[in-house]
Amino acid sequence: MGDHLLEVNNLKTHFRTERGKVTAVDGISFHVDRGEVLAIVGESGCGKSVTAQSILRLFEEKGVTSYDGEINFEGKNLLKISDSEMRKIRGNDISMIFQDPLSSLNPVFTIGDQIMEPIMLHQKLSKKEAYERAIEMLKLIGIPAPEQRVHEYPHQISGGMRQRVMIAIALACQPKLLIADEPTTALDVTIQSQILELIDSLRQKLDMGIMLITHDLGVVAQHCTRVAVMYLGEVVEEGDVESLFENPLHPYTQGLISSIPQLFGNRNKKLSIIKGMVPSLNEIPKGCRFAPRCPFADAKCMNEKPELETLDHNKRIKCWHHQTIKGAVSNAT
Amino acid sequence: MKSYILKRILSLIPVLLIVSIVVFMIIHLTPGDPAAVILGPEASHEDVKQLQEELGLNDPVYQQYFHWVEGVFQGNLGDSFFMDKPVTEAILEHLGPTISLAILSQITAILIALPLGIMAARKRGTATDQTFMGLSLLGISIPHFLFGLFLIIILAINLRWLPVAGYKPLSAGFWEHIKYLIMPAIALGTGQAALIARMTRSSMVETLNLNFIKTARSKGLHERKVIYKHTLRNAFIPILTVIGQTFGTLVAGAAVTETVFNIPGIGQLIINSVERRDYMVIQGTVLMVTLTYVLINLLVDLLYGVIDPRVRLKKES
Amino acid sequence: MTKRFKKLSWLITCLLLLSMALIGCSSDSDKQTKSASGEAVTKKGGDLHVAIDAQPPTLDPQISTTTATKEIARHIFETLLVLNPDYEVQPMLAESYDVSEDGLTYTFKLRQGVKFHNGKEMTAEDVVASMNRWLTKSTRAANAIGKGQFEEVDKYTVQLKIEKPTIGVLDVIASTNQFAGIMPKEIIDNAPKDGITEIVGTGPFKFVEWKPDQYIKVAKYDDYKPVDAPSDGLAGKKEALVDNIIFEVVTDGSTRLGGITTGQYQIAYQIPSDNYEQISSSSDMKPILNLYGGLSFVFNKKQGPFTDEKLRQAVNTGINNKDVLIGAFGNKKFYRLDNGLMYKDQKKWYTDAGKEYYNQNDKEKAKQLLSESGYKGEEIRILTTRDYEYSYNSAVVMKEELEKIGIKVKLDVVDWATLTSKRNDPAAWDAFITGFSPVSLPTQTLPLDPNYAGWPADEKLQQFTEQIRTAASDKDAYAKWEEMQEYAWKEYVPYIKIGDYYTFHVYRNNEIKGNTYFEGMILWNTSLTK
Amino acid sequence: MEVAVEKRRELSDFRRDINRERRRLFVRRFFSNKLTVTGSVIILLTLLVTLLGPLLSSYTPYEMVVTSRLKAPSADHLFGTDNLGRDLFARVVYGARASMGVGLSVAIITSVLGMIIGLYSAYYKVLDHVLMRICDGLMAFPAILLAIALMAALGTKIDNVIIALAAVFTPYVARVVRSAALVVREQTYIEAMKAQGASSMRIIWGHIAPNTLSPLIVYSTFIFADAIIIEAGLSFLGVGVPAPDPSWGNILFDGKLVIFNAWWMTFFPGVAIILSVLGLNLFGDGLRDLLDPHTNHAKK
């Protein structure tokens, strides 16, 4: 298991808040390999983004954030290395794309400046060389008339264009791992797929590993190799895309999947909803975290914490009753 | 851009008109007259009457006003009753000390405020932050003149490091010039610093929470660059506004401090002129101060465009 | 980042410390040169820095009665006659003077070869123009002299002709306040109505520069021609021993004190009286106590409760003058209980007539007088200003004193400019407090002038004034004045002179010498020492 | 029917719960901020001193003993005596009345005037142009200078200090109210009400006004503090609260002349000013954090 591109072991991220210490990510483990796309899915507030940002240690405020566990990237534990070593990795070996492309671009600098910045920083290129690189990148991501665009400001171009620019920034140094945090949520549907296609094609070209954070299972089905499902700061189920969609084991995963409207199939079937709301991080249930909302929960679920069980080499599950439930759901579908 | 500036300058006219009328009204409601002051405490009644007539103080007020406005349009602010010179000249003579003091205290303020405000923003919520912000509140809560008095007692009287008060023009030598301004600049600068630091903090806090800061960090930029290049520039508009405002008030608002330190600046000119009922000087100076204040605000507005392309492009269109 | 910040702040601290050390050093070295040189040695030239408490409204001595004008202008302008420290008339620009038998013609022979600062020689036409202007500008002087005009006799002789014989004409011409400075004729002719625009006199110092609210600079006048007589106060030989005198306008008392203490100025005017002990105990500084005038409580005799003579008497009977003076001036060095309306120092006119009515502090008798008066419990408005701290402080104590005898009082505290115009409105006040500086003749006493605020339009007073003015001899005049003063204390009580008061100026005795004082600072014959 | 009643009760219960919870949260957050609490304590103490003044001192602030002038602080005279031999402690305590009184009156008057001007100019565009130009004009010259000029014109009386300061600060308050009101005015429901024919009176006072209250309250706290400072400045220049009534600035004025030999006359009123202003600023600052959602503690 030691030669994954990225391997996260028992990662915990804690924040100190007004109301005391909160653990937003509580002991999650997963890995990403070169060339593969790992999807992390879950409702908002489940800790997906925190996980992503923890990998790059973007929560900088000392005394407010603390991490436990291991994040091994190419054999280095990112939680143990110095700030300056971490900076060498950011934007160079691991890049990140954020959800809202407008707010993620600095409004007071030109697009060109923002693309050139990591190039000059990590590749030690001169301003002129970096400028050429930036134009190259803009061409690569399919922006017309790049010589003009480089001099424009983010608010002068369209939303899809902005996300392409973000991708250009992220890929400027040809990273080994790309973390895309809901890269398409803020975009039109047509543009969404263009962007995802783009990311996908670049993955093949550059042989990157991609960690795609999304709540859109359709995207997952189309573009990803493996999936990790998160609930309330924990990974509850992980596996290959096919097996997960065909054979979801965790009641939460089942709930998620059955809440997707089916384009082809029984349209009369009522969409199922997961009842209740995600509890706040201050009020974490004692036993299984999903128990209060789980239709199958019993006294054991309420009181005892299940462990993440490895079923076979690429299938893991955290549920006391996955064997019983399996049948129940497949019957229903 | 040009038409924007022109529009702004034209919109000044009603403001200045209102200011001049208000000032004129206040002045002529004020009892006391310059003739009595010129002639001194033991002058006879007849002498005072005679001088009043000679100074034209017995004309109807509206006539005096129109006469004055007429002069202003010809670039003539009238003559001082006391200084045997045109008001414009008197203002220019008092402008030097005020500008030196304003610049020096603003530099002091910015040197204190920006690092502290940024530090507090980065450590928001921590003890450092609370200490800095508590201190800045203290800075706002101490009247400048009071702080000035304390400084005089400590630095000038007890330690004898600096002259108690007074002013030497730059022509007397740089150090001579500066040494008279250190205490008043600290007294004024600290209060301004507090205001600027608070604005810096809150603007920085807001900006630090914006997404592009995460982008900047995720690029692997050094924190220094993230703060000073990406955050500060975006956070700077409100900071600049405060800097502009405080600078504007310094031009005349330092009146009490100028009195304490005996700095012959614009503030003191106005206070003295009110005391002496030197009508022409009061009117002219207030007009000038108002103009400066508004122009500084305009300048700040134009600087927004330099800092933020969004503002620039909006104004150009 | 944090480290960098620490480094930066460390750097700033170092710089600050360094600069402070530098300042410290520089002042230290200053001190050393002084102490090393030991005993004071007269130095030729140099700049004399004088902190004056107010900016003069003008340097035209003929129009303004303000102290600041007088203090500066006396170094630039000169008069025909001057007073010596015993208030005796001495010649200055006049070489000699002569009064005709009938007392109607005064002839002045001018000194020859006296040059104005613009290089022109002073002749009779300048003197005539100056003196006649003065008589129109100073109605007090004109009144004291009676109707009169100056005329040119020849190039170096002028004559003053008056209608009725009057005592004290020469004293008025020599008076130090709103004084008759001689200036060139063409400057007077070209002057706009509200004052001269060129400051040109004949004095030992010539006007150089006036930076409003900053300083007035005068420089040694090289062609000055002194009188050939020993120096005696304003009289006698004058010589500018410093290159420049810089009168720095420092309106704040504590700032003047600070400046003189640290050696920024060699002379400071009007130091707050509470600092007297501190100054006198210092070896570097010497105080100059000077009689400033009489603190006076002036009644409004035209309108309001104080038109009642009994009520005025009640106030005079009831108050404790000493307490008022302590309240106003603090240290007992700064006041003198004395009832002379002309001052003790003016030997020629001083009398203590009516002293039994002064400072009685008899509350019972006052209440008695109050009940006899027509006072019906109206609120008395005392007009005062904080621009002159003693005026305000004494008003506060007066309020207490009056309330003790049962008079209701309200203080009306206004700024000086307001006071000067408000006191001319008889409906606006009942009493005000001010100081009156010494005048040359009893007939010039302002609060006895029927046109002055307070309006003592009393026939008997006016009779006395006329009798003094036209008295056959000084002796007769003095006798009438005694009577008049007695009447003023005993019956009419136009105002209460609460007491004499002093202010003090300070000079650094280890840095200057030769400065003297007479109704103001005298800075010629004054040199810096090193 | 019954169900509906049931539901309604539930709803009102729910609302009450929410309100209670909000209040609880407000109180908790209020007390969790040490600076705010410090501020409140200081203000309370100052107000207490202001009200209980006469009970705290055995001297009156006017009683002069000219023979015991400028005595340093001692057991007899806690803060020493002033230049007329009056007890400085009594004067500082009574001075709180003038200073706090002026501050509070100015805060209240400017709030009322500023609210009226701000609301109406936000609602009527034409009025807005006229009023805001006047405000611009008044705001363009520094507060202290306008106050000095007004005091010279009106004469030194405590009422006039209040009038002058109210004239100086009202434009600022009007601006704040106006900008808060403009935000509300632009909202759709106001347009809808207009379309339904609601009177402008009702819209202005019933719907726009309440939304401007929290910025107004916060701002008037700062006006309170500023008014104390400017009153001190005016009195320090001798054109503020008329003597012999004590105010802190007044005492400073007296103390200025003797600053080198009677430090206590500058120190004690100086500290009183700093403390009360600091208290108000701390309080206002905390209040703003609580009331204004924009400055809420951003997520960590």
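We call the chains A, B, C and D, going by the order they appear; numbering starts again at 1 in every chain.
One rule holds in what follows: a residue touches a chain if its C-beta (ideal position, glycine included) is under 8 Å from a C-beta of that chain, and two chains touch if they have at least 3 such contacts.
This is a predicted model, so every value here is computed, not measured.
The chains that touch chain C as well as chain D are B. Relative to chain D, the chain whose mean Cα position lies farthest away is A.
Taking B-D and B-C together, the pair of chains sharing more C-beta contacts is B-C. Here B is the chain whose Cα centre lies closest to the centre of all protein Cα atoms. Between chain B and chain D, the centres computed from C-alpha atoms are 24 Å apart. Chain centres here are Cα averages; for chain B and chain C they lie 37 Å apart.
We define each chain's centre as the mean of its Cα atoms; on that basis chain A and chain C are separated by 88 Å.
Centre-to-centre separation of chain A and chain B, using mean CA positions: 53 Å.
For chain C, the set of residues touching two or more other chains reads 252, 254, 258, 261, 387, 414-415, 418.
Within chain A, residues 61, 64 each touch two or more of the remaining chains.
In chain D, the residues that reach two or more other chains under the touch definition are 152, 155, 256, 259-260, 297, 300. The residues of chain B lying in touch with chain A in their complex are 122-126, 210-212, 214-223, 230, 233-234, 307-310, 313.
Chain B meets chain D in the complex at residues 14-16, 18-19, 22-23, 26-27, 29-32, 124-125, 130, 133-134, 137-138, 140-143, 145-146, 149-150, 152-153, 157, 202, 205-206, 209, 249, 251-253, 255-256, 259, 267, 270-271, 274, 282, 286, 289-290, 293-294.
Interface residues of chain A facing chain B in the complex, by the touch rule stated above, are 53, 56, 58, 60-61, 63-64, 83, 87-92, 95-96, 98-100, 103-109, 117-118, 121-122, 153, 155-156, 166, 169-170. Chain C contributes residues 1, 4-5, 8-9, 12, 20, 23-24, 27, 55, 57-58, 63-67, 69, 137-140, 143, 177-178, 193-195, 197, 210-214, 248-252, 254-255, 258-259, 261-262, 264, 387, 414-422, 424, 434-437, 446, 449, 451-453 to its touches with chain B in the complex.
Chain D meets chain C in the complex at residues 62, 64, 66-67, 69-70, 83-84, 152, 155-156, 238-239, 242-244, 253, 256-262.
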